[in-house]
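We call the chains A, B and C, going by the order they appear; numbering starts again at 1 in every chain.
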């Protein structure tokens, strides 16, 4: 047979098509909101806030969606790593009050980095324990997974209660991150939100580099698609999974620190509150899809911020409505993960 | 002949409550091309999956190069030198062809001379080397799946129905490539429904039915004995003529 | 005759039978057995939770899906009665309207959630119910003009249910039969009827299909049972019964607020009661509710004393304090899912079965071998 025959028989598709519709939907939501809000400066403020919130939610949700993709494990305890991360930042903030209130930008950045480091280390460690103790015995049993991970969440939340007390704790932003920044006539954007966007983008870029440029990243992506074949190539999917689980927990902890500063109040239940948003995000995005997770985070954050301004009482309800609309359009989420 | 590379003795496999393999015995001699034939549901795919450890054998022994594989986890079995090309090809569709091959090369780097060799087997691969595997056609995916098994030297390659659903021209190309692989001295265990392809490639043959091996022998022998073919394989050969 | 009442699904363990009979008798005569308001409150709460937990078991134990919205339906019942009674006045017709609206709302909401989430993946159900229930809780606390917000609603019940009402002129066994006792018996008999109805449902052909789906979704689908429809119907039935339980609680407390009906803590309680009692047995709901509610009412005091006793040890008072009740429940919950998946009822049945020398009870064995 000649090679020419093969060429005619198999038309090569030019390039992997990017599905633009969900991205357009996100932009459309922002555009439609403008006339409803009426004021450009308010709209800019809300949109920047949504970007910041979206990036934070993405950081927290990415671990959950990858863990599900890799091992079909749904972790209802994921929210508690957010609380753990947020509360661990207290361990840094309390002794280093001077750094927080210092006008020195270096000290401000230093304390933020320390918070992030401690939070990620602690929640990563909790993640490792959680995987061993809570999740390992219930692989491939969704019903029990939901029950025990929810139980684990309660236990760790209660432990936070024991050590930090139940009442909400107010935290102060480092000196230079307080207040707003004027970026145009009548348009002020809070500094911390810009910082959150910067950190969020940095984490996203780093994650994309790891997933697309490293061998580990290739293994994770391959494992999400077909864990069995990854094993048949000689890799231990369990190890990859534990690694992703710990990394996902650490990222949830990072998100917890950022969310804590965003709200400037810590509550024990904050993780569970955010978990609800995260679930909406991963369902909208498509369970297991990292790109879907990003778009889902942005959509949820935009809708949450716009409705919080337009009709605050229905903020969460509007996100559920968004989820229902998306599920009607694409029942598997915006970017369904093709499983073998 | 020396000890076979792979020997299955009395292998039983249960999937859930179903007893699929009910005592499978056969051997794959070193350097040979062995074909596993049999009708749909005879247990051929289950046999390959059991060798890979993707289903656990509930009884029996699977010996490969002097070690018992039956109780070992899949990654260890793969690392001991067995490559597997499953029936559905299982290419990672979100990864490019190149990335698929990088993962298959466990050392982390693609060996250039082997890649050249693969390109000589499947010249079309060069054209879609940079594309996402999900965008490939069925035949191209099959080429990739086989290349993934060839990118590193392996002692044994298990291939499950590579010609299924492919156009005749591509099947011919595939057979040509398998000949090359065979000439390079790699031991192959091929599951095949297409008797013509099997006849052209196989040195030895095992025929399965109802979870057991019902015939073992040289391929030439089976190819010459039409009555035996008819008894073992029914109408399959006519279908594929 | 008795066997027909309980749909042929007996306790299948003498210890369990004795415990259930004892519970039945104590609850049936509670107003005459105890004096004071507290024991009757506990008995009424037990009644309401038996129905609530049993209706949840229809989902978790028999259908094999996890819902976090059960308290939402409970709350819809409670708020339905509360809003009707406080807006339209304490009449029977207002109450009836409240009940009908609550049941319709609960049923429709359950249907919509079921069709949306179960169509794709059973696991979505747990996630979506959590989201919807949270949104509902937020909404109930925000729409204060309608629901009374965080404070909830206080209202009067129809006259013959008030403490001042006398059904009989003379006390019976030394107890005055007032409107509270009438209310209690309404609760008791509605719960009894609801429980027997649930027993009937799970032992009907419909119930068998639900269990077949729980065991093997794909096989059930292949046999021609539309899995999504069956699961959605189970979810609707469960929601409606939960709403009825909510109405009963609203009648008893004469108050409805987020903390008594909607809170996540109640959802966790319900989960615990099902798991500890024994999933997929219905009788487990009775045992679980009784144990947990008695423990919740009387153990915190014990914990308080323990904590005070352990005052010298660092963190011990904190961990043992009455406020840390939930910590121990959480640990208990995780441990029971791992080591005690069939719960008390499953264990009792297995013990009796072994004693009789038979094979282990199939149903508990199946629960142990749970798949999705």
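Basically, a contact is a pair of C-beta atoms (placed from the backbone, for glycine too) under 8 Å apart; a residue touches a chain by one contact, two chains touch by 3 or more.
Note that the structure is predicted; figures quoted are calculated from it, not measured.
Measuring from the average of all protein CA coordinates, the nearest chain centre is that of A. Distance from subunit A peaks, on a Cα-centroid basis, for B.
Measuring from the averaged C-alpha position of subunit A to that of subunit B gives a distance of 42 Å.
If each chain is reduced to the centroid of its CA atoms, subunit B and subunit C end up 56 Å from each other. Subunit A and subunit C have Cα centroids lying 34 Å from one another. For subunit B, the set of residues that touch two or more other chains is empty.
Multi-chain contact residues of subunit C, defined as those touching 2 or more other chains: none present. The multi-chain contact residues of subunit A, meaning those touching 2 or more other chains, do not exist; every residue touches at most one other chain.
Against subunit A, the residues of subunit B that register as touching in their complex are 52, 54, 73-75, 78-79, 84, 86, 88, 90, 92-95, 99-100, 102-104, 106, 108, 123-124, 127-128, 131-132, 134-137, 139-140, 148, 167, 169-170, 172-173, 176.
Touching subunit A in their complex are the following residues of subunit C: 60, 64-66, 116, 119-124, 126-128, 130-132, 134-135, 138-139, 142-143, 264, 268, 271, 275, 315, 318-319, 323-324, 326-327, 329-331, 333-334, 337-338, 341, 370-372.
For subunit A in complex with subunit C, the touching residues are 74, 76, 134, 137-138, 140-144, 146-148, 150-152, 154-155, 158-159, 161-163, 166, 272-273, 275-276, 279-280, 282-283, 287, 312-317, 319-320, 323-324, 327, 331-332.
Residues 1, 3, 5-7, 9-13, 15-16, 215, 218-219, 221-222, 224-226, 228-237, 338, 340 of subunit A are the ones that touch subunit B when the two sit in their complex.
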